[in-house]
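Shared chain: subunit A. Partners: subunit B in the first complex, subunit C in the second.
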Partner chain A sequence: MFSYCTDPSTLEGLSWLSCYLTTGKHVNLYISVFVVLTLLAITAPVALLFGFGAASAARSKFLPLRWFGKGYTSIVRGVPDIAFFLFFVIALDQAFEWMRHKVKCPDWDQPIRQGIDFVVCDAAKLPLSTSPQWVHETYGFFLAVLTFSIVFGAFAANVLYGAMRAVPRAQIETAEAYGMTHRQAFWRILVPQMWVYALPGLSNLWMVLIKSTPLLFLLGVEDIVYWARELGGTKTARFTDYPHPNWHVWYFAALLVFYLCFTKVSEVVLDRIMTRLTKGQATAAGEAQRKAAA
Partner chain B sequence: MSCVETIQAYAFRSLGFGERLLPRGEYTLCEHFTLIGSGLIWNVYFGALALMTGFFLAVALAVGKFSPNPLFRKPAEWFIFVFRGSPLFIQFFFAYACFLSLKGVSGFFDPFTSAWLGALVVLFCNTAAYSGEIFYGALLSIPKGDIEAADAYGMTGWNRFRRITFPTMLRLAWPAYTNEAIFLFHATTLVFFSGFPAWRQQGDALYYASYFADKTFNPFVPYPILAFYFILLTLVIISLFGFVNRRLNRHLPQERRAKPRLRISLIR
Partner chain C sequence: MKSLILGTAALALTAGMGLADTVRLGTEGAYAPWNFVNDAGEIDGFERELGDELCKRAELTCEWVKNDWDSIIPNLVSGNYDTIIAGMSITDERDEVIDFTQPYTPPDPSAYVAQSADVDLAGGVIAAQATTIQAAFIAEQGWTLVEFATPEETVAAVRNGEADAVLADKSFLDTVVGDDLVMLEKSESLGGGVGMGFRESDAELRGKFDAAIQSMKDDGSLNELIAKWEVSSQW
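Moving on, here comes the complex of A and B:
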């Protein structure tokens, strides 16, 4: 990257380090940090949306919809989440291919599951075997995002369901007394008020979401764990200008520090938001704020 | 092979007894159930041992964090922050890399590079940090009256801790601690996916479940079986901890007893 890096054998100390840390492979590592951040940025709102939908469904008067909502929110209980991650990635992939197979090759007569193989016609393969590398990578990332959203949507649904029930009953009754319909009371009274009750649970969930991002590695995305493993491994002089023994320890220590800083920053920011939201609320924390100000 | 033969061959496969070769070709339901169940032995081993040993460190950490002396408070706070603030997955990777390089320094660290000890150490520290935070929260919410009553009786130091503070702390923390135990058992599934090698394919329940899913391209059989086993395990934990909870609360009137509620806090 720097002009003095052209001949690595002459480098010493810090200048060696500055060259080593800016090689092409290391730039990939830095880019993968953005992969993780992108995942968080997409997953958080989508999961919140799924959660909101499921929580409303669980409150519905229509029985099958309620079953769906309750079933979805309770899948997360009792089973390790990593099992969900491994399950959903394959299951979603097969579901998409199966649907495309049904649409694109209606005259295919062989069974799709042949013994231990899953066979669909060539046109239904996802992504198509002719498509370029980046399509494969994006598709893998998309599957990962969807999986994260489904799993965390279930957690968020649990939190939001609790928050909806925490809104004082009197508020809804007042809305009904004003002649609002069920739908109006839901959107105008319940939804704006539930956030303050939901926030502690949601901020906890955000922390959990941050801490689960290394699982991306298990889903086959080239994330920071992948690159840390790759770069930390033993490098011999034959394949690189920067040979070194097994440096996994340093790379994983760096990841550890990265995650610790990330959680610390989130903690501070979420605390600020909480202070902001409790302002003027009829809760113990809101009351304490009012007293402190007076 | 009939199902009984399969069970004989693979029931203790994860510990290295019985048939060496894993089943091939067509996989029967019986093979799924037996092998995944056999892997569950490792989950129970990691979870139970980490929980039992971690409990003592957790109490020490909670008392340390509660102490007014910064000499005790600061290390406890940092320990809890480091283990709660970073992903367990990275902790496993880091610990494995650490033990691997320490192995070169001294033969003493040899067993630490295998999962049965190395991963146990990580899980021990991890659960100690999470439970330490729970116990610390419970220490904060001990009723003031209890402490004042102990003072009135002239109890101090160790005596007061053993008779008043500790039992009350445990009683208040128990519902949350039950959850911690459940999620610790769930976290044990990460061990063989995070650097620690499964020696001679002796892995845990998830290891075998993903083995089947990889071979058959059919996730709809092994993962639900895994889920079934873990739900059973969760129920066992809830009933065991519920038994202790009833014992801890036996002096209280019926309506004041805290019932454990399953809350989600999940993935570490």
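Moving on, here comes the complex of A and C:
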């Protein structure tokens, strides 16, 4: 990186550290921080959307839709995350390739399943094997987003389902007395009021989501924990210009600080949202707010 | 005439596309000197050089992919990359699931590393990387086995006393012995050498790499590479 970094063995102290921390490997670590943050930024709203959809489906009057909503939440919540991430992602990837295969190579005569091998024609590969590496990585990233969203969506669905039931029945009755339809009462009365009941559960989920990113490496996406482990490992002088003993403790300490700061920021933001949502609600906290203002 | 030219052009084009197909090589990137990530963040080591040379000889374009050891076989059979080149020993169990080329290094002795030379292997706790031939061997002996996901962790377990000794490829352990760790005299001969793994349905690609390995064996360049990286005994 810097001009004086050509022979690190002659350097000491800060100048050595400045060279060490700017190697290509460390740049990968810094990039992975952004990868993780991007993943969280995309996954959280998508998972919330999945959860909202499933919770509404579980309340539906239409029986198959209700089955779908309840089935999704119970099945996904019951499967261990790591099994889900090992099995489901590969299955999902194969499902996409199988569909492309049916469309793009109709006159393919060999079986797709050969023993345990999964063989589709070259044109159906996703991404194509000729695509550059970044396409593969982006594809892996979006598979990860989808998988995370499905898993956390199921938990969010359960939280939201409970929150919808927690809204006082009197509120809906009043809406009906005003002549609102079922749909109107749902969107105008139930949904705006349920968030205050859902937020504690959702904020828990968010905290768990922040810390589950190491599962990403199972999908081939290199996250911060992977790089901390790789960089902190013992490095002998034979294979690197920057030999050092096992420095896991420093790298993991840095991760700890990162996660703690992230958690703190999340708590502050969630607290603000909570104060806002409580405003004018028929809850104890809402009552306290009214009294304080008066 | 025109259609004939067009036809030939199309044929030439598709043939060219066939050649330009990228072969994706899957490796772990955590097993020096076989494969590791260098300062620049790229895959480096014996297998990096070997793989690049094999691809050149087989006239293939190759791309390196890093994958966790635990899921390295499932991702191969599911088609996320085309071959495993990750210091993987040829064993009967693995051969049932995937196919191997001929070995590119002879069976390498596995060695023990411990804090002191007088450790009791049968009565102690032995560390090994999960799903390796070494882990299988310790389990067969009926010794107490503790498994770790990465080679680094197996050595760290011996350093902090969680395990009494670690069993791994000698070439890897050579890079970690120092003031605090010693290598035992005893060694085990496990596996049938290290080879490249392919999907069982991919015999054509396997044949290409097999031929390339043979040509490197014949002209002695494989032995030079083995000597350079000190990974195992030579052919």
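Note that in this section the second predicted complex is superposed on the first by the 276 of 294 C-alpha atoms of A that agree within 3 Å, B and C clash if a C-alpha of one lies under 4 Å from a C-alpha of the other, contacts with A are read in each partner's own complex, and residues count from 1 in each chain.
Keep this in mind: a residue touches a chain if its C-beta (ideal position, glycine included) is under 8 Å from a C-beta of that chain, and two chains touch if they have at least 3 such contacts.
Keep in mind that this is a model prediction, so the values were computed, not measured.
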Does the subunit A-based superposition show subunit B and subunit C clashing or fitting? clash
For A:Thr130, select first, second, both or neither according to whether it touches subunit B, subunit C, the two together, or no partner. second
Should A:Ile90 be classified as contacting the first partner (subunit B), the second (subunit C), both, or neither? both
Report for A:Thr263: first if it touches subunit B alone, second if subunit C alone, otherwise both or neither. first
Figure out whether A:Gly24 sits in contact with subunit B (first) or subunit C (second), or with both, or with neither. second
Just subunit B (first), just subunit C (second), both, or neither: which does A:Ala41 touch? neither
I'd like to know which partner A:His248 touches here: subunit B for first, subunit C for second, both or neither. both
Which partner does A:Leu218 contact after superposing on A: first (subunit B), second (subunit C), both, neither? both
On the A-aligned overlay, A:Glu230 touches which partner chain: subunit B = first, subunit C = second, or both, or neither? second
Name the contact category of A:Val208: first (subunit B only), second (subunit C only), both, or neither. first
Just one of 2-10, 56-64 or 110-118 in subunit B hits subunit C in the overlay; which is it? 110-118
Intersection of subunit A residues contacting subunit B with those contacting subunit C? 86, 90, 94, 115-118, 217-218, 229, 246, 248
As the complex stands, subunit A meets subunit B at residues 76-83, 86-87, 90-91, 94, 113, 115-118, 155, 158, 204, 208, 210-215, 217-218, 225, 228-229, 232, 246, 248-249, 251-253, 255-256, 259-260, 263-264
Subunit B contacts subunit A in the complex at 25-27, 81-82, 85-91, 93-94, 96-98, 100-101, 182, 185-187, 189-190, 193, 206, 209-210, 213, 215-220, 223, 226-227, 230-231, 234-235, 262, 264-268
What part of subunit A is in contact with subunit C in the complex they form? 23-25, 27-28, 86, 90, 93-94, 97, 114-120, 122, 125, 129-130, 133, 136, 217-218, 220, 222, 229-230, 233-234, 236, 238-242, 246, 248
Given the complex with subunit A, which residues does subunit C contribute to the contact? 20-24, 29-30, 32-33, 36-42, 44-45, 63, 65-68, 70-71, 74-75, 77-80, 82, 97, 150, 152, 155-156, 159, 175-176, 199-202
